[in-house]
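Below is a structure I'd like to ask you about.
Residue numbering begins at 1 within each chain, and the chains themselves are lettered A, B, C and D in the order written.
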Amino acid sequence: MTQTSTRSVAFDRSRAAGWAQEYGVYVAVAVLFLGNVLFTENFLSGANVRTQLIQAAPVVIVALGMALVIGTEGVDLSVGSVMALAAAIIPLYLGYGVAPAILVALLVGLVAGLFNGFLVAFLRIQPIVATLGLLVAGRGLALVIAGGQLKDIDDPNFLQLGTGDVLGVPIVVLVAAVLSVIVWFVVSRTTFGRRLVAIGDNRRASTLAGLPVRRVLVTVYAISGLLAAIAGVLATARLGAGDPGNAGQLMELSAITAVVVGGTPLSGGKVRILGTIMGALLMQLVRATLIKHNLPDSTAQMVQAAIIVIAVYATRERSTR
Amino acid sequence: MSTSTPVRSDAEHDAGSPRVRRQLVASLVQRQGAAAVLVVVVIIAWLSLPSFGTAENLRDIALQSSFLAVIALGMTFVIITGGIDLSVGSVYALGGVVAAWASQYGLLAAIALPVLLCGAIGFINGVLVSRAGLPPFIVTLATLLFARGLLLAITDEGSTTFTIKDQAVINLGSSSFLGLGIPVWIALVLFGIGGIILRRTRFGEAVFATGGAEGSAVLMGLPVRRVKLTVYVMSGALAGFAGVLTAAYLQSGVTVIGVGTELDAIAAVVIGGTLLTGGAGTLIGTIVGVLLRNVIGNIINQIGGLDSNIQSVISGAFLLVVVVAQRLLARSRSETE
Amino acid sequence: ENTGGSSAAGSAGGGPAASAAASQSSGGNCTIAQTGYPKLDLTKAKVGFSQSEKEGNPFRIAETQSIKDEAAKLGITNLLTTNAQSDLNKQISDIKSMLAQGAQALIVAPLNSDGLQPALDAAKAKKVPVVTIDRLVTSKPCTDYLTFIGSNFVQQGQRAADAMDKATGGKGEVAILLGSSGNNVTTDRTKGFKDELAKYPGLKVVVEQTGEFDRAKGQSVMEQLIQSHPEITAVYAENDEMGIGAVNALKAAGKNPGKDVKVVSIDGTKNAVQLITKGEYNAVIESNPRFGPLAFKALQDFEAGQPIPDKIVISDDAYDSGNAAQKVNNAY
Amino acid sequence: MTQQALQMHGATKRFGGTLALDDVTFELQPGSVHALIGENGAGKSTLIKVLTGVYQLDEGEVRLRGEPVAFANPAEAQRAGISTIYQEVNLIPLRSVAANIFMGREPTRFGLVDKRRMEREAAEHLDRLGIEVDVRRPVGSLGLGAQQMVALARAVSTAADVVIMDEPTSSLEPREVATLFSVIERLHQQGIAIIYVSHRLDELYAVCDTVTVLRDGRRVHTGPLADLPRLELVSMMLGRDVGEVRAHGATTFGERAHEVDESAPLLLEADHLRSRGRIEDVTVQIRPGEIVGLAGLLGSGRSETARTILGALPRDGGEVLLAGKAVPGGNIAASMRAGISMLAEDRKTDGIIPHLSIRDNICLAALPTLSSAGLVNRDKQDAVVRDLMERLRIKASGPDQKVVELSGGNQQKVLLARWLATHPKVLLLDEPTRGIDVGAKAEVQALIEELARDGLGVLLISSELEELVDGPDRVVVLRDGRSVLELDEEEVTAERILGAYAAAGEPTFEEIIEEAAVASDTEEPR
């Protein structure tokens, strides 16, 4: 009975494929982690795990917002520049205290996001171009604000944000974790979350169903801007300097990679928050592995390329054939 | 049968009806919106900046535009199929380096080798997108890294620069014909061929159909996978060829070029009226998009004395102004739905 | 990027005249007669300056400022400036467009040592002298360009190695934070450092990873290395920014930079020099950005008919624990 | 024995846990017009997609003219001489009508596409089908019905031995249906075998000679159609015995179970509506509990009327009052808050959110009432979803199944459920029974009755004359974007409606049918 055997094989394969799609990133993270435990010196030490989490935190934060934007079939290329804006603003306003400085930075991120959202939702400009404008202009603006300079920060309260702990957990990591939970909650439990994916999946039908399409879109971009600004503030605190020239450089690509590797399709209509976090961790582990094993830049880039493709291949949506 | 069928009053559907005419006008403006902006910008610059309208300056704008135009040509095809190719910047640089290295074996090698190699990278993109069904954005992001890594590997982590000694290769980049640089002519010819392929061949129709409604295109029996594969190969090969032209022009395989060029190319294509969602677009628009970018850069220089950071603010703002202007011009009532 | 660093805005370009002096001049004698270029009065001429990268770090800020200051000092009112924003093609069109606007002399900070030939050719065709600064191009002096004024990056690497030897007492496991890949500054500073290090058998390079001339990247790379290579006792950063990043990482890991792990870098920004005075840094080799006086002097000499050398190497200072405190104000 | 045109043996196709085809055997004789019927989700479209290489069989085999074939994609099937109209219109909206008709086989000259010839021939093809459109227009700007005719033109303009039509008439008017029949007749005479899928039994009896009935992915009957009583056919489809089917009344609206209070104040008044370029002057009024039909030819502006009332199209003139209160134009959300909901005609682009679950699709429009403080109330949702899925008999593996995986008819039911969940005062139904099976149709119609009884006002757009005659209390007839006639309950007959279409001297349905038959008799096979 060759037929039954081929059938069961086919069946198993499709089940395995479904499983890979669901858990591919998790497996990849686990494999890479274990590989490092075995082959990398000191990998399992608390300090090292801490380092990895701290380094991944800003990407996670930005990727959360990016996941929402991508869920609506959009993309936000301006996140890196928004981080730069935050980095430029912090040293400027630290004189008035830590809270006001952070507040202004976040406000600017929010406004930047609202601006993107306005272009996308009301003028219906394609997201990639709408946010490309701010990608180019935003960093320039940040540099203008900061007088083209990296500015050192010595306010100990502010620096505490970057280096401090709460109950042994670095503040940076804590913020990322809390934001992850909030965003996860929003996506899975609120009407806003439902609407967001509906709009991403079929905007026309959502409009005809009376959904507040524009409001949702504007909100999504605003959230992305806000989260990017939060990441910018944390990165600034960690660096101990506002560096508008380099802060968030190429962050848009890291964030998009994390989101997509985590199983959120770029075509919208679906958001996977846990997957996104795993995606960010995966890319962090890849980077760490390459550095720790002292691979030259050329090899490192090619290996990263291969890993991205493999990860996305494993988590891809299969067409039913 | 046609004669016996009752004919309904079809005034609505005549080409001459106001509705259809409006649609035609709207599509014309949509297509030519960027061109209108370009014309306005050029006129203003011509009148207000004495050195803008000199033949020398205009020639230089054309020459500078030709490299990006060749990249954007392939990008237009890719975007019309609903895809995107982020790898072109790295591939462009790689093409230049390989061309410079290969120039020791003569002109043919300097062209063929990089075009083949970069076409092969496009092939990888195409296979991953069309066969494995991976999202183009992420696939080409990976090959962006890959091509850059390959470039660094070839040049010993960027420490070796190959210079071009072969005069034939140098001529390809630096000599002129009828006052215009050879790369400009080459770009024009390529766009001519591209235009015929896009608008006058079955393949071209299939490119539009693939981006317009992929599922339908498959059900219509179009070779959607092959179409996708082909456009990525084209995009890779053209980016590589742009690298060849640039290397010939610069007389060396410079490793630091092409960073962010993918975004320039995408912006040019989209400003030219091609839909990023696929299914519609024109090559003339792409040329206009490329010219706009370079004309504006040129104007910013002519104004002179601007802080470099303010320059990027201006160019970002300008990008938005053009896109918004075009959008508002093209806004037809049906789109309020 | 060439270099980076940070400093209070006011001090940029204000270094003492001594630090802008030529330390050596070499090569042939290029005269205006030889080139057949027209003579002109520099103070009344249109002079163009093409900067390669955004003025987004202390080196570039100081460099551009130095050119502008010197022009102002000489009474040159017609100074055109452009910025290529790290785009080589843009630098070429920048230069061509300045020529189109009637620039009669050019000062160019090349983005890359190769690839500027079309722009240099255009200047040659118009008989416009070009002084290149900070990065040597592979074209012919006196023919394609007038002269080059800049540091010797290989030598900077060598001096860093010497400083490393001094700081570590000739023994240590060294990590290198490389500049951006594909950049000739990176290549030269790496080569100089490694070649020179061969002289010190006690010093061994254990890892080299790129930090892309960026403080944050330098910091995160160092954080990784501290965990996986705890044996590291010295860091050579190819610019100050990455060095400062490394200091941040070391401090966060509970190490004592400057003592447990020695840090040497190249640039001479105020921040790095200040760290030396605090004992958290060991040495900084200067890369002098104040090209203005030398560049204009070369042009003036040329117009005056005097022979100009192929290459004018600007003098680079060095800072260490011995002199940092008194020299900190020289840093940019 | 004659060679079969197309054969399928032991065909099995699985989608995850769903067995869409279960050991199906199907044979198509040359020159036969073979009806394929079954409930929504019975597996008809799947069978067709398997035949044409869209899906691959898990088990079994397909033979074309006796030769085993395994098409890897639709292109191969087309090359082998199978031409297909799929259930959902599959055209490229942004491309021109002409380009769509010839897509993939454009006439060429010197290797280049001969646009002029293509446009001329496209116009000829459409002309033969009685459709006059500018073939340079993007196909997406046409109504769904016109698009279906373009798809038909495309399918019949290829040389094929087998033509498959999956619900080709779901958006067609009697006139176009008649045209289609004449086309089928012509193909039949040319010896071309046809598979014809439809839920409209009349049509099947009019054109088909053989029938295959599918139920739950299994073949339950194949045989000649003419001598098969309708009721028996339906009972085979539904898997219920004849008596039960008869009791249920499997076809149309029930007897007038509701009474409209003529004196009650108007629920919806849409007066002199104008939306530039779409409708000129349409007046429709609905009382509480009243079902008002909207009749008109393809492109007469019925969908546009509904869309303008909802606010999906800009309103350039006239006003809409709901229970006496003005509803702003061009604002969907405001209309919905006021109590107007619309079931759109094109469920694929304007209806379903394909990758969301049935639950989310049903709850989408009613989210505000199914949530508190912005948080989704899962219990409320589940209650509503369970209730509606039962009431509408939505066939699915559960509320968490993605809507895209449902059969066409079940998708339609999900959409109906969505609008019912919003508890509207006025429901605009644009082709509500499009593509749903006879059983479900009766249910839907009964449901509409029931809703009307509860005081809901319904605007019913349907291209099925039967539905317009039996359902509504009143019918408003549109022509060229104007309401030209209003028929009261007693006046509503097929003849009157058709007569109204024909006000400008157009022939009646019978005449059209007759004419078509004559035409196809005289038409030379090309």
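What we mean here is this: a contact is a pair of C-beta atoms (placed from the backbone, for glycine too) under 8 Å apart; a residue touches a chain by one contact, two chains touch by 3 or more.
It should be emphasised that the depicted structure is a prediction, and the values quoted were computed from it without experimental measurement.
Looking at B-C and A-B side by side, the one with more C-beta contacts is A-B. Across the assembly, the mean Cα position most removed from that of chain D is the one of C. Mean C-alpha positions place chain A and chain C at a centre distance of 35 Å.
One finds 29 Å separating the Cα centroids of chain A and chain B. Each chain gets one centre point, the mean of its Cα atoms, and the points for chain C and chain D are 73 Å apart. Annotation for chain C: residues 54-56, 181 touch two or more other chains. For chain A, residues that reach two or more other chains under the stated contact definition are 143, 148, 204, 207, 297-298. Along chain D, residues 312 each make contact with two or more other chains. Applying the touch definition to all chain combinations yields A-B, A-C, A-D, B-C, B-D. Touching chain B in their complex are the following residues of chain D: 54, 73-75, 77-79, 84, 86, 90-95, 99, 103-106, 108, 111-113, 115, 124, 127-128, 130, 132-134, 136-137, 141, 154, 179, 182, 276-277, 297, 299, 312-314, 330, 480-481, 504-507, 515, 518-520, 523.
Residues 84, 128, 132-135, 137-139, 141-146, 148-153, 157, 263, 266-267, 270-271, 275-277, 307, 309-317, 319-320, 323-324, 327-328, 335, 337 of chain B are the ones touching chain A in the complex.
Considering their complex, residues 51, 53-56, 80-83, 85-90, 92-94, 96-98, 100-102, 111-118, 121, 138, 181-184, 186-187, 190-191 of chain C touch chain B. Chain contact summary for the complex, chain B toward chain C: residues 51, 54, 56-57, 60-61, 64, 67, 151-152, 155, 157-159, 161, 163, 173-174, 246, 249-257, 259-260, 294, 297-298, 301-302, 304-305, 307-309, 311-312.
Listed in rising order, the residues of chain C touching chain A in the complex are 4-7, 9, 54-58, 61, 178, 181, 206-210, 214-217, 219-221, 223-225, 227-230, 241, 245, 248, 252-253, 271.
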